[in-house]
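One chain, subunit A, links the two complexes that follow: it is found with subunit B in the first and with subunit C in the second.
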Partner chain A sequence: MFWLFTSPALLAYLVLFVAPVAYAFWTSFYKWDGMGDKQWRGLRNYQVLFEDPYFRGALVNTLKITFVGGSITFVLSLLLTLVLREMRGRLFARSALFFPSLVNGMVFGIAAGFLFSPSGPVNQALGLLGIDTPPKWLATENLFPMILGTLVWTATGYYTSIIMAAVDQIPPYLYEAAELDGANAFQRFRVVTLPMAWDVIATCAVLWTVSSVKIFELILLFGGSSSATPPADTWNTALYVYVQAFPQATVPRLGMATAAAITSLLMITVITVVLRRLLRREPVEN
Partner chain B sequence: MRGRTGVGAAVRIGWLVVWIVVAANLALILWAVLTSLRDGPDILRHTVGLPHDPKFANYVRAFREGGFAQATLNSVLAGGMSSLLAIVLAAPAAYALARHRTRMSSAITMLFALGLGVPGQVLVVPLFVGLAQVDLVDSRLGLTMVYVGLAMPFTVFLLTGFFAGIPTALEEAASIDGAGPVRTFVSVVAPVARGGLVTAFLLQFIASWNETLFALVLTHSQDKVTLPVALAEFVASAQFSGLDYGTMFAGVCIILVPMLALFSWMGARIIQGMTLGIGK
Partner chain C sequence: MGNTAKKTGRLVALAAAACVAMTLTACGGTSADDAKDGGGFTYWSMWREEEPQAKVLKAALDQFQKDTGITVTVQWTGRDVSKKIGPAIAANQSPDLWDQANDAIFGATAQAGQALDLSPVLAMAIPGESGTVGDVIPAKYFDMMPKDPAGSNHYVIPYEVASAGVFYNAADADLGTAMPSAPSTWDAFLAVCEALKAKSKPCVASDGGETWLNELYFDGLLNAGGVDVAKLSADKSGAAWDDPAVLKAAQQVEQLVKGGYILPGYDATKYPAQETNWALGKAAFYNNGSWVTAEVAKQVPAGWKFGSFSVPGARAADAALFGFAIPKRAKNPGPAQKFIAYFLQKSMLSGISTTAGNITPRADIPAPAELEAVQKTLSAGQVRMVFDGVAGDWQPKVLDPGYLKLWHGKTTAADFVATAKQAQISFWKTQS
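== the complex of A and B ==
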């Protein structure tokens, strides 16, 4: 009965998921345009990859999203969780914070193109405040920080909602006891919320690692750029894979694309293992 | 010193920040919906504004000329079919994995869980190459199959946790009555687990509704693309023909509003599902 129940799912998973991962790993050692014969390159593929300035830029952007974006997101989420617990209308607020995570990232990219345009509402509002020379929001060199900002905005809402749901499971008497002992809101957060919700926060950090590396559609259309691919300054590794494997005008470089994909998989693996070690329970229970 | 409702100034500032963010999110949705009812030149003149006389001409154009009608149908089909199939496959497996505590079952559970850490860009080239071999590129069936595969790790993971929380008493009663494992699962366990199955379906539907990378790579004909591809192609076509902003915003809303409706209707379940997947 065990195999009768598990084998259909297992078969689908092996064919459509596990085998492709293995195939990507294998392809990453070849030079291949997708049509002709594969040429063995071995680890040289990875060497060429790391010498490619576009890939290095994409890797740096990915790391910035994961670490810089992640730190800001989690600090903000924890701060919001701290204040949301006692707020009136919190369930409504939670829904409104959560909703952007159900919206395709392209929508934010398109919206930003309008809201931050030179004569757009953001600059008009700044003009009312007396700021007449606002930054060139959508200039190529500013696009990546804008993407990072948008991402932090939507991710903060998402993780706040998730952490808040865990905080709701904490028995209220713990807070009452802490309050009786004279703990203020921040102390209650530190001695009750943080330890009780720690497992969920740690899992969220791992989840962030994976989801931050696969961000794609937000960058694809950011600022309403209408060309086929966004400017290289904004690429992360997912965009790099897409551009290498499915270019508009040049020959596909599937070896490079899969090597970049495997690199991002290894990156996720290393970060996840390190995070799991760092976020073990002991440090908080002082 | 501090009354029942007494909170520090810092917390009050925090509340203000929360409400500003909430207001901004709501304003963004409202703005997208209102803008979709205005005509293109008007949007260019004023980014923010009320529709003079709200018309649905943008939607008519989006559905007729932008290909959004077919794309909506394709999105519903790909999302619905793949979510249903994923659950039909994953539910029995998750149930068996939750009930059998053997070394083999933990190894299989682990194998599925590892998939949670694999980003889509690893699979995109192999799946494209593989589907091209069997002539399933640019086909609804091909895209649906890919979505089923992508859904496996999370759906199995979510449902395993869910089944583990269901008491075994019911199944024991059923097996005393002489029901075999398949009948027990279909007519006793599955009905009890309906809540979890619905949640898994919803989360998978939402994921495929918004999925862009694979849809972009695996579909391109007008009659095969899903909504994210239709929108991306509409924006990309602007470099030749000039962008019709009204129609574009109608397209944005065609992607956005169904999610809004689903969330208003089942929001609690969606949030709970995502938390369950993470918490336990």
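== the complex of A and C ==
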């Protein structure tokens, strides 16, 4: 009976997930243009990957997005949680915060060219505040920080909304008790909100980690154009895979692309497992 | 419990292996031998249905079907056709005819030996005309292309030609005074920039992050110095960068940057901000492909007259071809070839100029007014592919990082050359 009921799910999982990954893993040991015969390369693709400074750079960028972007996002989300729980008009504030995550990331990539141009609305607004020499937002060296900023901005509202949903479920008497004990707003956050919402926060952290590795279109649109890929120092692993699989005017290097994808998959698996271990704790209350 | 887990694990492994085997079978194609001339063919187009080129092609396809009784199944795929063609060929589901830029066709199919040699098409008579396809398409367009593994460069039959050049408004009075005729040397070009600067008019428009466009200057200057970019990029030792001509080209770019001839703020804008500024007359020149005239057609004020020249000193004009190709595994190559010859009739092909506003490879079809200068440059002398056909990630990994710094005035020509040389050595280590 067990197999009868599990087999449909298992089969779907195998066909839709395990098989493609296995196929990609297998391809990563070959040199293949996607059309002709495969040539066995063994581990050479992986060796070449780690010799390529741009792949190492892509790994670092991916980790930067995950950890730097993630830290900023979660610190902001938790700060907002602290404020939102106590403030008036919080339903409106929550909707406003959630809004950016509804908009497709690509829109920001395209709109940035207009918003942050030297004579664009952002600089005009700064000019009104007396800042006459604003940074060169769209300069090549600022590209990656801009991408990171946009990611944080869109993700913060999203995770705040999820964490707030958990915070709403915390019984008010816990806060009242804390208040009677003389706890201030921050102490209430630390001893009530944080532990009570911890499981949701931990799940959010995993969600962020997994989604941060797959970020792709934002970088492509921020830095790329119709005639060129984004500057190589803004690539993350997803973009590296894309450039190998769909190079401009030359044959695809699918072996390298899959090797990069598998490396990225392994990295994210390790990070997720470690993160789960670190964030796991016994439930406070049943 | 442990036992069940072990069993499950084994089962998963087995099923995965089975799936991989199944996928393999699906991917293994049959040979092209079963190709035959049927009553029709399929065509995947690089154009989307609403584009003017699609309208021209559609009219021709309709007429072709009426005239020959051959049915054509068209998919208006768009530019991504070059990404879809490979998997389609692998699955033996390829169309019989497709079109793209010559470098995209080379990269997606011909380089891997998956494009049909279209030499027989060149020998085909054009319906209603006395000549053959080979008579109306100048051989120099084929000669500039890299050869496929079988040694052919006839894997694409072009119907549209584009070129990169420095574009300007020939009706601009200030520019007319500063530049009585198109400059033939880099120094003459800089003199024009200097004269414009005296009138406080910026010379060159550029979006700082647009590597491909900004590198067109360097590409042209290398060509002027007799450097073949393809050979430069292929040198695994990096020693090709020590050629004094390479340094000279970089120094010439540096002159443009350090002279302050580029529209201020260019290092902090995103395409197409500066293209728009150029179209509004805020800078005199803009180096881009000949498609730029169509891109800014609606922005330029009335009275604009497009002029253009190749990067001063360049020995050959840049050319990019858009044309038809047939995958080797196509099932109906015969009728597809017939259509290629049919479309190259003067009466059909003229639509590319009159309706789509572009240049055709036929010298007897006049280019639209705004591209007259480009057509003249193309027909006058030698042609070559932009960057001599360098493709793949050499540009993003070797050329772009250093070049952007040079273009933004953050490094010297000598440093740029040294950086690029090192980048090229490490690049080739990762290409084996």
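The rule is short, and it goes like this: the second predicted complex is superposed on the first by the 262 of 286 C-alpha atoms of A that agree within 3 Å, B and C clash if a C-alpha of one lies under 4 Å from a C-alpha of the other, contacts with A are read in each partner's own complex, and residues count from 1 in each chain.
Following the convention adopted for this analysis, a contact is a pair of C-beta atoms (placed from the backbone, for glycine too) under 8 Å apart; a residue touches a chain by one contact, two chains touch by 3 or more.
It should be emphasised that the depicted structure is a prediction, and the values quoted were computed from it without experimental measurement.
Contact with subunit B, but none with subunit C, is seen for A:T258 once the two complexes are overlaid on the shared chain. In the superposition on chain A, contact of A:A185 is made with subunit B only, not with subunit C.
Of the two partner chains, subunit B is the only one that A:K214 touches; subunit C does not reach it.
By the touch criterion defined above, A:F246 reaches both subunit B and subunit C. Of the two partner chains, neither subunit B nor subunit C is touched by A:I65. By the touch criterion stated above, A:L138 is placed in contact with subunit C alone, subunit B being left untouched. A count of residues in subunit A touched by subunit B and by subunit C gives the higher number to B.
Touch criterion met: A:S95 reaches subunit B, while subunit C stays clear of it. Judged by the touch definition given at the top, the superposed model places A:L84 against subunit B, while subunit C stays out of reach.
In the superposed model, A:V103 lies in contact with subunit B only, and not with subunit C.
10, 15, 18-19, 23, 34, 114, 117, 119, 227-228, 246 are the residues of subunit A that lie in the contact sets of both subunit B and subunit C, per the superposition on chain A.
Contacts from subunit C toward subunit A in the complex involve residues 12, 15-17, 19-20, 23, 83, 86-87, 89-90, 101, 103-104, 106-109, 111-114, 208-213, 265, 267-271, 273, 389, 391-393, 395-397, 400-401, 404, 408, 426, 429-432. By the touch criterion given at the top, residues 1-2, 4-6, 8-10, 12-13, 15-21, 23-24, 27, 34, 79-80, 82-84, 86-87, 92-100, 102-107, 110-111, 114-115, 117, 119-121, 153, 156-157, 161-162, 165-166, 169, 184-186, 199-200, 203-204, 207, 210, 213-214, 216-217, 220-221, 224, 226-228, 237-238, 241-242, 245-246, 254, 257-258, 260-262, 264-265, 268-269, 272 of subunit A touch subunit B in their complex. Within the complex formed with subunit C, the residues of subunit A that make contact are 10-11, 14-15, 18-19, 22-23, 26, 33-36, 44, 48-49, 51-54, 112-114, 116-119, 136-140, 143, 223, 225, 227-229, 231-233, 243-244, 246-252. On subunit B, the positions that touch subunit A within their shared complex are 7-8, 10-11, 14-15, 17-19, 21-22, 25-26, 28-29, 31-32, 43, 47-48, 89-90, 92-97, 100, 102, 104-105, 108, 111-112, 115-130, 145-146, 148-150, 152-153, 156, 181-182, 185, 206, 209-210, 212-213, 216-217, 228, 231-232, 235-236, 238-239, 243, 248, 252, 255-256, 259-260, 262-263, 267, 270-272, 274-275, 278-279.
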